[in-house]
């Protein structure tokens, strides 16, 4: 904040319900044009906590907000107004917070500590499940490598990777802890293996969209009895084959980035509309949607939204999503319910990325760094 | 222990020899239903130290036991009663302990320090033996990688890996310190190489159960003059070819997990029965059985049992057993007697897993982590 | 400096404009023959700051110079006279420094901090661009591996590597975060892929000079609309096909080492002549030339030169240049202007090499060490 | 030393020149039979400093010797008498030491600091040479990987590896900094590439002894003008083709372990005889012999012997010799004279192994650990 002066904006808090006009609107425009540093209290004046802004809004450089981040702070549309924000604990009793009726949640460490299961002494490989990952195609084997490594670092017991036959040496060299099941095709997936041995199934990283692969994906959707984890090209296939939606096993987790979400749900007019599209899709098909971004937003079929508090922009890098698919599949294999797996997995993925900043910068971070820091991330949430 | 109150259970110690009845039984049921935290002294009341419990048993959250863990604490059947237990040293003279007649031992650091050989200054590669590992098949090359890496980190002089021909690039890239001998078959093992150059032989990790591989395994058993280390699919083949048992070289080490042991020895009615099956099998065929689990149990032909004190549930992960096979084969190559190799190797394997918890959590641990911490494990037992 | 005595040479400072003669020349020869340690103040007597020396010059072991290194200190020709030099801050006001008219700059930390963009919270993979690297040939796949890994550690969003088909397994195993596009040829590049999806393109590392590859290179030069990063065999092809120069996209970055520069620009008579050749070539074709060496010299079309202050002789090692190509391509993908990318990338590359000296010596350093320390380098220039 | 008492043996120092007899011989036998801890001063009584012992010798557990280790301490034959020994500095002037006529030297840190060249600021890749390594065969690719990695960590500028064609992917994946030249044969070497571009050539690691490979080796020996580094199967081929000896370029370095040396020089009657065989072979063919062992012994054509002071028994492991070949080839490429390269390289190799003990134990050490610690080893000898 290299500025001439600091302006404290405490005009209107988050209780405001109509656009600024008259003098407040003029003052706001004056503040924004002043070149001074602006600190807003609770919320930048003119911004609404939970609905689209329609009038002038103070462009804050910093916001100190009370008790909880406002929904608007978590949406890309309003980033230009909030700058960097900090939550101030004003001592509301936990009961009071829990009583506040909301279907928007901000996932913090205490939430995932509650979800996380510790491992029993007399457990064995079988206690932690056997996951199946369908991943990879010629030229995109790395996505399979990353998803496989991340799954193994997420606590599962056994991992089988179903891959195009030509990927065998790559996968076995790079992911020795995984077993491989080979597709009849060399360069892309075409067949859906027998699903019986598996306690969780993930599909998508690097599979491409060959018509044989789309057919394989379609067969999987129609055969699977248990929830799936679906990412990347799996989502792209789903976007083009709307008839498949009805066959999605209840509780399946879909992990689109905004571009993929647009193909699935259509274009939105603003970020509140995007949220509504997400809620509607979750509800209609009984699925968990993980909309990836700065504050990854998880929706469940009951209309609740869970925004994630961990992660950084260094994770906007090739393969980052593949590692998330691996983590989610690994957690599902251990018996976590879909929503718990999504909340826990997204939190751990972001936390691992934050921990990777000890050795890396946001610029230098690669997806492998996230995997390498999963261990430290788990350690932070263990009781 | 988030509980209303703490109950100290010192009703009956480990001297008890008959099931609780009457008032003690009623008290026990009351304690278990109370929702309070329960701390037992010496042993939870109603539990027998060395035979199956037949009446009501106090469910302790913590046990403080005297001088040694009781046998029951080491068996999965009774985990629900013991919670977390701690041994209290009550100052029995070592002579007194040694005089106590028992064929059950709990392997501690002092025991393996005594077994471990340090290396002479003027030793050379030849001093530490040349091991042969028969491992791997298409899709399970990783098991061979892990076993090979672990063997190399266990002190042997030279390692040759006999592998299906198509695994060559994977193994040479991932395990450059090993030499490879190629099978005539590309995808699975079919031939048993000349055994003369080798001071130790391990077989099993990832070999699968193709009929040619079973034939190769059978030839190996009948040709080998020295003890073998047998794991994984080697055990599964053995389970289906009972005629082979008689040919097992005396002192061979078999390393089943409970599922594999069931195929070898049949179903048990309780954990004491399981122990008896294990003892009987060891005795009948003159072999060492390593029954893997939370307190891995090693049996020798003389009827002794050695329970291991190291390890954690993070090691219940894909490939963990393959690394143990590598370690045992590496120790045998250096001239350790079979029982010593088993006790030392199992202890080191568990200790490496415990040391890996510095960087990993139990959830994130993978088999490669165990291998990477073998160095620190050896350092802890060096004099 | 194990010497009999120390001689302080403060005879003539950097203001001198004609060669030493008479007594000063005799004294200089005496000093050089004395076997004593020589410390020069500002500049060794007889050496000119910015033009070739023509008379006798004091051979200093150390130089303490004022405010800025003299141009001569940055040129290999005069290394024998300057020994190790240190800049002394004499308190010139920054304004005074900026006012001094010069087209020679010495890039320091403050300069690159100014160039570096930090990453926005709501950024995503697409915010950081999609780079294309054309690299590798049979026997030189490692150059592609190193360039790819370095590009990924430089902050880009996505990376596609266009490679000869036989390199697929190598690249996918070693660089899992990259996607691969396969050339029709197995052993060398022959085809130029569609350039539309890419925000930056680098070519050269390990491509060899097969005639098909030269044709592919030629097509790329003539098709590309945006600046390219060109290194190694790309430069060698350019040296033999002078007609291509005119097609080079404006702002392209060429990164020759002295041998490659000689092929591009012809032989020079001394290091000042070399600089003039470099300036002329940059100006004529509107390109950025990065002449690699101890103080890598970057020229822009406006006639400015930027000498780099980081790096060490341990970076004179196989593959070091390939990592620079990767870094520059990665920065271009994120939208840095060519000159900024060159100055920032060269500085980071050298700084990463300096940071690698914590674990390595100049002798033991390999190119992979540079890549592993890029994260720490970025961290040092983040605000 | 868990013993009843400690006996100090200072009966006879290293001046003794005839075997013990009479009372001293009886006392010696009594000491050895006593079960007490024995500490000898200067040398165990009855042991000769520089010739074979012929009478009874005190078996010391520790020896404190004056100024220098005695030659006998460095020979395996007498390890049973010396236990662990320590040199005590008794303050002889360096001049006095240098004046003492000897052709046996014990290489210490100061010696290699003197040999080591630091790197000039304005150096470039070409300053540090281009090495050629001929290495590997089917099933022994790892030896080539280890030699290549070690060469790159030894300071050379460029490395080309000439390998059987089927090893290409392994080498390029595992050693990306090296370029590969492919043999016409897939599984073993058969052709000797053009030697002109190379400033140093190493041959041997993992090449096997196929007749085509022997022919290739033979052509290399007869074509090479500059000294070679020859190891492993190169030595075995040499042992069977005595006519090749006369063609060995003067100054070539051969690096046998005792088994290979026996094949080259014949059987010895004792360790002093072994030394004489080594000296004779060095002199006859004008070569450097590096006889690997606990105190690796280097002989030059002038009859001098240089015993190495670094290293430990953890280095008696698969691939350790391959890394030494890489180091020596890397040093030769930089222009070190053969004897200097041998003394420096053997010292660095041992020191890297000693430094690896920080993370590893002697049991867990693998050859890759040595390579990873070369950087720290170089740092210790830099001035």
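We call the chains A, B, C and D, going by the order they appear; numbering starts again at 1 in every chain.
By our rule, a residue touches a chain if its C-beta (ideal position, glycine included) is under 8 Å from a C-beta of that chain, and two chains touch if they have at least 3 such contacts.
Nothing here was measured: the structure is a model prediction, and the numbers come from that model.
Peer 1: If you check the contacts of subunit A and subunit C, which chains show up for both?
Peer 2: Intersection of subunit A and subunit C contact lists gives nothing.
Peer 1: Of all chains present, which has the mean Cα position farthest from that of subunit A?
Peer 2: D
Peer 1: Same or different for subunit C and subunit D, where same means more than half of the interface numbers show up on both copies?
Peer 2: Under half of the interface numbering overlaps between copies: different.
Peer 1: So what angle, to the nearest 5 degrees, turns subunit A so that its CA atoms land on those of subunit B?
Peer 2: Copies differ by a rotation of 90 degrees.
Peer 1: CA centre of subunit B versus CA centre of subunit D: separation in Å?
Peer 2: Distance between chain centres, rounded to whole Å: 40 Å.
Peer 1: If you average the Cα atoms of subunit A and of subunit D to get two centres, how far apart are those centres in Å?
Peer 2: The mean C-alpha positions of subunit A and subunit D differ by 56 Å.
Peer 1: What are the residues of subunit A that contact at least two other chains?
Peer 2: 169, 173
Peer 1: Name the shape of the chain contact graph, picking from line, ring, star, complete and other.
Peer 2: ring
Peer 1: For this structure, enumerate the chain pairs that meet the touch criterion.
Peer 2: A-B, A-C, B-D, C-D
Peer 1: Show me the residue ranges of subunit B that touch subunit D in the complex, using the header's touch definition.
Peer 2: Touch residues, subunit B against subunit D: 118-128, 152-159, 168-169, 172-173, 175-182, 374-379, 382.
Peer 1: Of all residues in subunit D, which touch subunit B in the complex?
Peer 2: 76, 79, 138-143, 145-146, 167, 169-170, 173-174, 257-259, 293-294, 313-314, 316-320, 359-368
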